[in-house]
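By letter and in written order, the chains are A, B, C and D; residue numbering begins at 1 in each of them.
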Amino acid sequence: MSTTFNKRLLIVWLILTSMTLAYVWIDHTVDQNGTLRASTVVTVSAIVIALIKVRIIFREFMEVRHAPALLCRLTDAWVVLIAVCLLGSYFVGTAISS
Amino acid sequence: MKRTDGELILFWTLPVVAIIWVSAFLLFPGFLHPMSPTMSAEEVAAFYRDDTARIRYSMILFNWFGVGLIPVVILLAMQIRRMAHRTPILSYSLIACAAGPPTLFLIANMFWLLGSFRPDRAPELTQLLNDLAWLTFTVLVPYLIAQCLLFALAIYWDRQEKPVFKPWVAHFNVLIAVALAPAAFTALASTGPLAWDGLLSFWVKNIAIFVWIIVMGIVLGQTIRQQRALETVAA
Amino acid sequence: MSTSTTESVTVPDPPADSRVGRFVWNLRYHPKRELWFAWWVMVIFYQLYGVLFFFVTRVQPPPSPAWDTPTVVGWFDDHSLGVRAGFGVVFLVAGMCAPMNALLAYSMRRMSVSRLFAYSYLIIYSLAAVPGMLVMAIAMTVGALRPDRDPEMIHWLYDFAFLSFSGTMGVFMIGSLVYLVAVLLDKNRVFPKWYGYLSLCNALTEVVVAPAWIFHRGAFAWNGAIAWWINMVVFVLYTGVFIVLLRKLIQREDFGTGPLPEAVR
Amino acid sequence: MTNLADSQPRLEEKSAKFVPGQPDMWMFVLFETLLFTGYFSVYLVSRTQNEQLYLQSQADLDLRIGVFNTIALLLSSWAIARCVKASREGAYRSALINALLTVSFGLVFLTSKVLEWVKEIHMGNTFTSNEFFQHYYFLTSIHCIHVLIGFIVLGVAVYQLWSPARRSQQLVETCATYWHTVDFLWVLIFALLYVVR
C-alpha cells in the first residue's frame, strides 16, 4: 500500500537533489580560474531553480497537492511573490548602482 | 486565633523603612536644600569633593532600604483581591507597578554613588553622573502615579455593603497622583517650580510620597485589623 | 474566606437616552468594566506611544548610529524641546503599561495552563519597560538638558539611549516565548494557535536586533533595514493582532450580573 | 485493531481535499517566508551596490559544503514526509524510525554548518569582516535558530508517535510542515549565498 507513495517521494527527492547538483555545473560555467564574475544569467537561473525547488517541496513534501484549492493558490501566489521580490530587488538594485 | 502568617510583620516594616528613609534623606547633603540644575560643573564637582562621606553613607542606606515599599504595595494588591471585582486585573496591575519605582530609584542611587566614588574625576563627568542621578530620581513618578490612580479606581469599583476601603481613601490617592504629575516634566525648566529643585518637582512630589506612606500605612493597618477581626469571628 | 460574595448594592438600569449617561453607567456598573478599562488603556497607550516616539520626540524612525559627534549635537539642538516635553509625557503615562500587562496576564489565566505563565509574563513585561523604554527616555532627556555639555558625552548619551531601547532583547523574547507556550498548550481556545506562532516571530525579532550592538551602519545597525524596519513591521502587526484578539476575548467573556466568581479573589 | 478502525476514514479521505496539519501553522509558514523574503531582498539590493566585494568574499565559500548541506536537509525533509505518510497509514513504527532519521539528518546539517563556520572563522571571515559576511552569518544563523527550534518541533512529533495514547496525526503533520519550511528556506538561502553571481 505504501510503496507507491514511497516511490513517489523518492523520485521527488531525486529530482530535488539533481537540481541542487545542477548548481555545481552552473557554477563551473561562469567562473574563470577561480575568479568569480558577476552574471545576470547565473543569478536569475539560481533564483528560478531555487523557486522551482520550493514549489516542488510545497506540492509534494508538504502535500499541498492534496490540499484545498485555497492553499494551492496561496502557496503558488507566495512562490510568485518571492520571485517578484527577489528578482525585483536584484534588477532594481542593479539599475540604481549603475 | 489566626496562625502567624507574617502579614503583620511585613506591615510593621513600613514605619521602620519610613524612619530610615527620612534619616537617609536628611543625611544626604544634596536634598536640604536641593541642588540646583543651574550649578556649574565645577560647583557640582566641589559638592562631591566636599561632602563625599555623607553622600556615600546616605546613599548606601538608601540602597539597602530603597525597595522597602514593595511589601506595602503588595499588601494593597492583596486587599484589592477582597474587593467586589469580577477579574483580578487591578490587583495584577498593582503588582506590575510594584517594582518600577524602586528600580528607577536604584538607578539614580547608583549614579550618586558613582559620582562620589571618584570625586577627583573630571568635573564634566561628575556633572553628567549628577544630572543622570537627579533626573532619574525626579522622574521616577510614572509607576507611583499609576499605582495611586489604579488603587483609587479599585476602591471606586468596590461596590459592596461594607467596602474594603472608604471612598475618601480613593480621593486621597487621586490627589497624590495629581501632586506627583508635574515632576515628570522637570526637564522643561532649570529654574522655577518645575526645575528639579523647585516647588513642584521636589517639594510637592517628595512630600506627597511621604504623606502617602503615612496615610496609607495607617489606613492599611486599620483595614488589616478589621479583616483579622472578621476572620476570627467567621472562623 | 471573604465575608460577602455578592454585589449587594442594587444596579440601576442603563439609561437609554444619552450617550454620556450610558458611558457613565458602563463605567460604574458594567460587569466587564475592569477588562474594558484595561483594554482601552492599552489602545490609548499604543496611540500615545506612536505619537510621542514618532512625531514629538522624533526618536523613531531612529537617526543614524554612523553620525559624527557634531551631527549628533546638532540633532539634540534641533529636537531639544520635543525630546524634553515628549519624554515628560512618557514619564507621566508610562504607568499605563501596568493595566496593559495585567490584561495580557489575565488572558493567560483564562487558559488551561498553570498560573505560573500569567505571573511570569506579568513580571517579565513589567520589568521590560525600565531598560526598554524609561532608560532611553532618561538618557535622551539628560542629553537634551545641557546643550553646552562636552559633545563627546552627548554622543555617549545618544548611543546609550538608542542601544538601551533597541538592544533590550531578552525580556521581550522570553516574554513572547512564555506566551507562545501558553497559547499552544491551552485547551480552552482562548487565542488561536496562529497567534502563538506569531509570538515566535515576535520573539525572533529580538534575535535579529542583536547585531545593532555591533554595527554602526548597514542593514543590521539600529536604524537598519533588517534590524529596525522589518522588525518594526512584525512588532506593529503583533501588537495590532493581540489588541484585536483581546477585544474578542473580552466580548466573549460572560460574567452575567450574578454573584461574583470566587475564583478571582 | 483500534488503530485500523481509526485510520480507515483517514484513508478514504485520501481522495478528498484536506489541509495538512493545523491551518495555523500554514499562516506561520507564509508569514515567516515573507519575513525571510524581506531579508533576502535587503541582501540582494546591498549586493548589487557593491558587487565586487560580494564576489570576492563569495570565493571563500565552498560550494561543495553548501551542496552537502542542502542534500542533508532534503534527505531529512524526505524522511519526515515518509513519516507523515506512514503514521497516516497507522504504521507507527516506521513513522517513528523516519522521524528519528529526520532528526539525524538535521544533526548532520547542523554539524556541517558549525564546521563550515569554524572553517570560515579560521580563514579570517567573521561576522564583522565585511558586508557579505554580515549577511552570510546573519542568514545562516537565523536559519540555524529555526533548525534548533525544529528539533523541539521534531521532539513533539516523536513524543506523539511514541505512545499509542497520543498519536495525533494533525500534530505530526503540523510538525512536518514546520520542518519542510526550514528545508525550503535553506534551499533559498543556499542559492542566494553560494550560487548567485
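Some points to look at:
Here is the rule we use: a contact is a pair of C-beta atoms (placed from the backbone, for glycine too) under 8 Å apart; a residue touches a chain by one contact, two chains touch by 3 or more.
Fair warning: this is a prediction, and the values are worked out from it, not measured in the lab.
The chains touching subunit C as well as subunit D do not exist; no chain touches both. Annotation: 15 Å between the Cα-based centres of subunit A and subunit D.
Rounded to whole angstrom units, the spacing between the C-alpha centres of subunit A and subunit C is 40.
Our note on geometry: subunit B versus subunit D, Cα centroid distance of 52 Å, whole angstroms. Averaged Cα coordinates give subunit A a centre that lies 61 Å from the centre of subunit B. Those residues of subunit B in touch with two or more other chains do not exist in this structure. Chain contacts: subunit C has no residue touching two or more partner chains.
Across the assembly, subunit A contributes no residue that touches 2 or more other chains.
Under the stated contact rule, the graph of chain-to-chain touches is a line, running from one end chain to the other without closing. Chain pairs that touch one another are A-D, B-C, C-D. Of all residues in subunit D, only 22-25, 27-28, 31-32, 35, 38-39, 42-43, 46, 127-128, 131, 134-135, 138, 142, 145, 149 touch subunit C in the complex they form. Listed in rising order, the residues of subunit A touching subunit D in the complex are 1-2, 5-6, 9-10, 12-13, 16-17, 20-21, 23-24, 26-27, 30, 34-39, 42-43, 46-47, 49-51, 53-54, 57-58, 60-64, 66-69, 71, 74-75, 78, 81-82, 85-86, 88-90, 92-94, 96-97. Interface residues of subunit C, counted against subunit D in their complex, comprise 192-194, 196-198, 200-201, 204, 207-208, 211, 214-215, 218-220, 225-226, 230, 233-234.
Those residues of subunit B that touch subunit C in the shared complex are 37, 81-82, 84-90, 92-97, 99-100, 103-104, 107, 124-125, 127-128, 131-132, 135-136, 139, 141-147, 149-150, 153, 157, 159-162, 181, 183-188, 190, 230-231, 234.
Residues 14, 17-20, 26, 30, 33-34, 37-38, 40-42, 44-49, 51, 55-56, 58-59, 63-64, 67, 70-71, 74-75, 77-78, 80-82, 84-86, 89, 91, 94, 173, 176-177, 180, 183-184, 187-188, 190-192, 194-197 of subunit D touch subunit A in their complex.
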